[in-house]
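Just passing along the structure, written as structure tokens.
Chain IDs A, B, C and D follow the sequence of writing; residue 1 opens each chain.
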Amino acid sequence: MRDVVEIGLGKTAQRGYHLDDVAIVPSRRTRDVDDVSTAWQLDAYPFGIPCVGHPSDATMSPASAVRLGQLGGLGVLNVEGLWTRYEDPTKILEELAALPEEAPATRRLQEVYAEPIRPELITERVRQLREGGGTVAVRVSPQHTLALAPVILDAGVDILVIQGTIVSAEHVSTTDEPLNLKEFIADLDLPVIAGGCTDYKTALHLMRTGAAGVIVGLGGDEWSTTESVLGIRVPMATAIADAAAARRDYLDETGGRYVHLIADGDLRTSGDIAKALGCGADAVMLGEPLSLCEEAPAGGAWWHPAASHPKLPRGAFGTADQPLGSMEKLLYGPADEPDGQLNLFGGLRRAMAKCGYRDLKEFQKVGLVLDR
Amino acid sequence: MRDVVEIGLGKTAQRGYHLDDVAIVPSRRTRDVDDVSTAWQLDAYPFGIPCVGHPSDATMSPASAVRLGQLGGLGVLNVEGLWTRYEDPTKILEELAALPEEAPATRRLQEVYAEPIRPELITERVRQLREGGGTVAVRVSPQHTLALAPVILDAGVDILVIQGTIVSAEHVSTTDEPLNLKEFIADLDLPVIAGGCTDYKTALHLMRTGAAGVIVGLGGDEWSTTESVLGIRVPMATAIADAAAARRDYLDETGGRYVHLIADGDLRTSGDIAKALGCGADAVMLGEPLSLCEEAPAGGAWWHPAASHPKLPRGAFGTADQPLGSMEKLLYGPADEPDGQLNLFGGLRRAMAKCGYRDLKEFQKVGLVLDR
Amino acid sequence: MRDVVEIGLGKTAQRGYHLDDVAIVPSRRTRDVDDVSTAWQLDAYPFGIPCVGHPSDATMSPASAVRLGQLGGLGVLNVEGLWTRYEDPTKILEELAALPEEAPATRRLQEVYAEPIRPELITERVRQLREGGGTVAVRVSPQHTLALAPVILDAGVDILVIQGTIVSAEHVSTTDEPLNLKEFIADLDLPVIAGGCTDYKTALHLMRTGAAGVIVGLGGDEWSTTESVLGIRVPMATAIADAAAARRDYLDETGGRYVHLIADGDLRTSGDIAKALGCGADAVMLGEPLSLCEEAPAGGAWWHPAASHPKLPRGAFGTADQPLGSMEKLLYGPADEPDGQLNLFGGLRRAMAKCGYRDLKEFQKVGLVLDR
Amino acid sequence: MRDVVEIGLGKTAQRGYHLDDVAIVPSRRTRDVDDVSTAWQLDAYPFGIPCVGHPSDATMSPASAVRLGQLGGLGVLNVEGLWTRYEDPTKILEELAALPEEAPATRRLQEVYAEPIRPELITERVRQLREGGGTVAVRVSPQHTLALAPVILDAGVDILVIQGTIVSAEHVSTTDEPLNLKEFIADLDLPVIAGGCTDYKTALHLMRTGAAGVIVGLGGDEWSTTESVLGIRVPMATAIADAAAARRDYLDETGGRYVHLIADGDLRTSGDIAKALGCGADAVMLGEPLSLCEEAPAGGAWWHPAASHPKLPRGAFGTADQPLGSMEKLLYGPADEPDGQLNLFGGLRRAMAKCGYRDLKEFQKVGLVLDR
């Protein structure tokens, strides 16, 4: 049974589990790896792999977002990132890529992100994405959704991602007109992905706003400092499983609306991806792992969008020596290192085969062991 | 349910949890950060932030205590520290600040604290504090309270902090006249903060002495050696929650006396502060984090008052390369490093906003997850 | 009671334990070490020690397999390894032994294993094993069993080991004719060892195929990357105990067929071996520990057979400075280092003596403590 | 409740706890440190501190054993150590003290301990101990007790310590006449301390042999390799508490025979000592901590007696840069380092004072918290 622990007299805490705490248990038949499908579909958009690009400038440029689409995933560009603040941010990205270890990187991020967003660049970037072919998706923060949505929608995107550290269905403000997600989504005729969230209740409320997909997690990784700054830490295995329960309950409540769960956090290897899907996710959002491919815009550097916050940055700036290989090699191999960072979806496919499952939806039922 | 574990046949132990074991779970609405208040009030004294300076000479001088008051917190000077043993301890503080890593620092601390306390310097230091404006508070050990109280009270303080490793409501001695806290406090007409304590029972008994505030914890941090020396280790999340239960029971027992809990231990980042308050504390006592600001008296060095004990020192001597910034920057930002050591109360405020709470008392109900 | 933990709403995981999590508890009489027997018998083949060589080219060559047999264990040669791909692989083994730390070792492994298997070399290697005297055993993967079995059986082996990452009793394929283990074994008149498996159900199903021995575990060790790549991690104490339950149930179901459990994973020291047997294993399969003896074919280098997979390698390449001693010294001592890597079965024997047990079957009942 | 965990189907393990897992909780009155007594008495022999010297040659020579007695503890000389193999072992001890880190230390230990024991030296060493004044105690292994006891008893000791890795009340042998502890002790008219043991049952059986004291634990410390070699690891908090339950049951069974528990393992600091006594021990056996005093025979080197075993050594050879201070300073302070290695029994006394206890027997009831 799940523990509710009394940490002190009258004060309880839910026990939560990380992806590292669990592992997959093969316990039935095995299956040929070639008979396994990793296909994923969100609304009208089919994908070869359940892979969403994390909308950090370290991972997603117009070019790399298009490339991810060509390879079967969903690229997402951040319309509050460098590409909508600068006509041509490549110089800045090169500078960041070359930042020495001891540099005050956070300060430099704060500086380059202090430049205002230029709406006409949003239009331009969406045009570039559309020209690339494939599904067009951009990310906007909940704070700027009302202001930027008209430009974005005019530019013509396929999927809108509304993503902040925590996105709730009910934001309270005494000063600004807050975003009412439910009304906002009801007025749109394109699918919205919203999040992050970390628990059953928030996930369910986000589903009730009409979102097609809900992001579970806060993009936690080894560079994350959300816990040090805010005291918030997300045990992803539990967060995903709880959100999957919300998906099930919402499916029942609506008589059939299936909302997709996109896991965002603690995903570094193909093994992590397999565990996240085994816990109930429909897809994964990959940030730092994709920052290590040759097509990554910042040459192996990685930072979370929140790392450039002007007053309370969250997330350290990481650098890598050199790319691990092309995006194709990262996603599909062949791997020539055994550490799980290459052939990410070939690894997933083989894990599914060893457990005897044919598709992603079936694989959500895989057995788990808890050993930490 | 809270575990009582049988560690061996017939020998039980209560299970306890550290702040690191728990994390905050946002699970309701979100709120504008500008609508959140971090105000705290102890007796008649209002504060902008729930922050008490740890009465170590590494953190609190007359000047830095005054500065903390100006910035909205409560400065506390140790009347058994260097400032009441030396006319001018700045030379000594400079020497300690410059102590090389390999120096036998504990021995040097023992030497400089061997100098006797001079009562006239207590009077002088209190005068300096009072001149600085703001609330005047000093710390005295329970052993020396009876001897030093007359001088302190004559000098005119607003709040008296009686703090030792463990302060119990009943100290037994066959040789000296022990301090009877209850009688002592009853005779005073100023609020007393007393502690540390680590469990429900001691906290409740301290409340019954008439204290306005109770210190929970022993000031544990990474330099602490209380466990190695005494076998005592305090799981702060549990200690705070248990003391909060004592506060609740005492409130009921007295028909309305609310005693404030000041958490003292394992607090290094804004995230830790948020967790301590989420566990039920009313305020936090900050030692080592404040030793890292430019105004700190010992230039980044840190030692706990018990580290200079002549026979059984507890607590190592720590040094820092250079200050992280002004006290204002530490408390209110803006942060230019993402590690949770800057903008301590801006971080708290944002954590409250992400969980949808307006004030500190409400925030004590925040949801927690336990994942270690 | 064993925990089934709800990691999230409606999603459960079995709690599992590693060998490191448990330890042996002496709790009865003690016994002279000379009165203890480590004899093991599989089908008609008696062994002085319950030791099976891991069929990696780093451990088992025709010569070292023969030597292990002479010393009382069971050598197993991989018929899909270098010895059946090359007339004389010694140059390659020397090259691998001398590979510098920074070399792209996985890539080199992939290259040398890209050479096709030559059936006539299988015949030749089995002949060499048979000439060495002792029990002849070879390993084949389930994928190649149907193709290679005729050659192997013609060559004349005593025991056939069918080993893959996960071997299930029911492999599903839409393209190839899958191996039906039950039918395959029924047609043989020699004992088969099959595995790995990691849970009760798969172990029981493997027993029902008619296997004489079942391999429990996936050969996990500190160089293993199965978790990073596939998300699979095996808590060996639980895996062994669960398989022992399957052995017990299968014994009952068949009215007396006793299937041997061979533990393969997390075995580095004599203490680990004692724990694995104490959890219920009948024998252990030793890989990396045997790669450290003077007779090891690759001079102290170690790699798991899966580490050379062309597309999804699993397992890092390890190297050692110099051999720890002869195979005899590793197995029987005397040890001149106290770290448990020498005198592996003398250590087992002494552990059995300190707990008062006379033979391996009795020792499976030894008491365990769980303390992590 | 204490857990019995099913680690796999039908295989259980008792959950055990280490001293590191628990900590002392002050939760009542406090007391003046000068009102606290650390007196201990075993049979007719009174001691100022509950401290037994570990009979390793690294800790106990005739001179250091006498010195420990003068300082209030119980020195114990190993009659199977260097002092009974060599007329004058000081040269060897000096050599060992100067052994470089990279030396094959275990091999050298095996060599110097290969020298046979000379009975006349036993007589001589006991004479030296007796001349030193204080209580005379020597250690013999259970294997050699029958052979060496006549010499030892003739020489005239006060207390006999029969200590091996595991001492059971019933040793089984088909070749030698095994030691029957019960008969052996019944024939003696001096108190015997016997052990180690690690569980309730063995402790109870040892008590029934008539032993005055039982050693709990195997002398585990950071140099210990018992787990790697034998798979045995002792969670000391549980082992002590279980043995204390045996002491209680034996007291009842005999209508009043109180057998003392001497904890031997995981004791490095004053905090560890306080925890061991708080778990129910009557005294502690100190090995490595005493090897760090100026009077230690091997200049800071440390090895467990089992580390010189000719075939299966257990325990690494440790060295220290320089002594921490005199034995008196280690036992009674004053400490000038805060790490708990100095003023070992002053630290214990202060821990007792902070918890309000007057004597050791009372302190066994102290509250514990479990937090790992």
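Structural remarks
The definition used in the following text is that a residue touches a chain if its C-beta (ideal position, glycine included) is under 8 Å from a C-beta of that chain, and two chains touch if they have at least 3 such contacts.
Here's who's who by UniProt: A, B, C, D = IMP dehydrogenase.
Being a predicted model, the structure only gives us computed values, none of them experimental.
Between chain A (IMP dehydrogenase) and chain D (IMP dehydrogenase), the least number of touch steps comes to 2.
Superposing the C-alpha atoms of chain C (IMP dehydrogenase) onto chain D (IMP dehydrogenase) requires a rotation of 90 degrees, rounded to the nearest 5.
The most distant chain from chain C (IMP dehydrogenase) is B, comparing centres defined as mean Cα coordinates. Both copies, chain B (IMP dehydrogenase) and chain D (IMP dehydrogenase), contribute mostly unmatched positions to the interface they share, with under half of the numbers common to the two.
Averaging Cα coordinates per chain places chain A (IMP dehydrogenase) and chain B (IMP dehydrogenase) 40 Å apart. Averaged Cα coordinates give chain B (IMP dehydrogenase) a centre that lies 57 Å from the centre of chain C (IMP dehydrogenase). For chain B (IMP dehydrogenase), the set of residues that touch two or more other chains comprises 3, 17, 21, 238. If you draw each protein chain as a dot and join the dots that touch, you get one closed loop, with every dot joined to exactly two others.
A complete list of chain pairs in contact reads A-B, A-C, B-D, C-D. Every residue of chain C (IMP dehydrogenase) that touches chain A (IMP dehydrogenase) in the complex is listed here, in rising order: 3-18, 21, 104, 106-107, 110, 165-176, 178, 197-199, 201-202, 225-235, 238, 307, 310-316.
Note for the complex: chain B (IMP dehydrogenase) touches chain A (IMP dehydrogenase) at residues 1-3, 17, 21-32, 34-35, 200, 237-242, 244-245, 248, 269-275, 278-280, 333-341, 343, 346-347, 350-351, 354, 356, 367-371.
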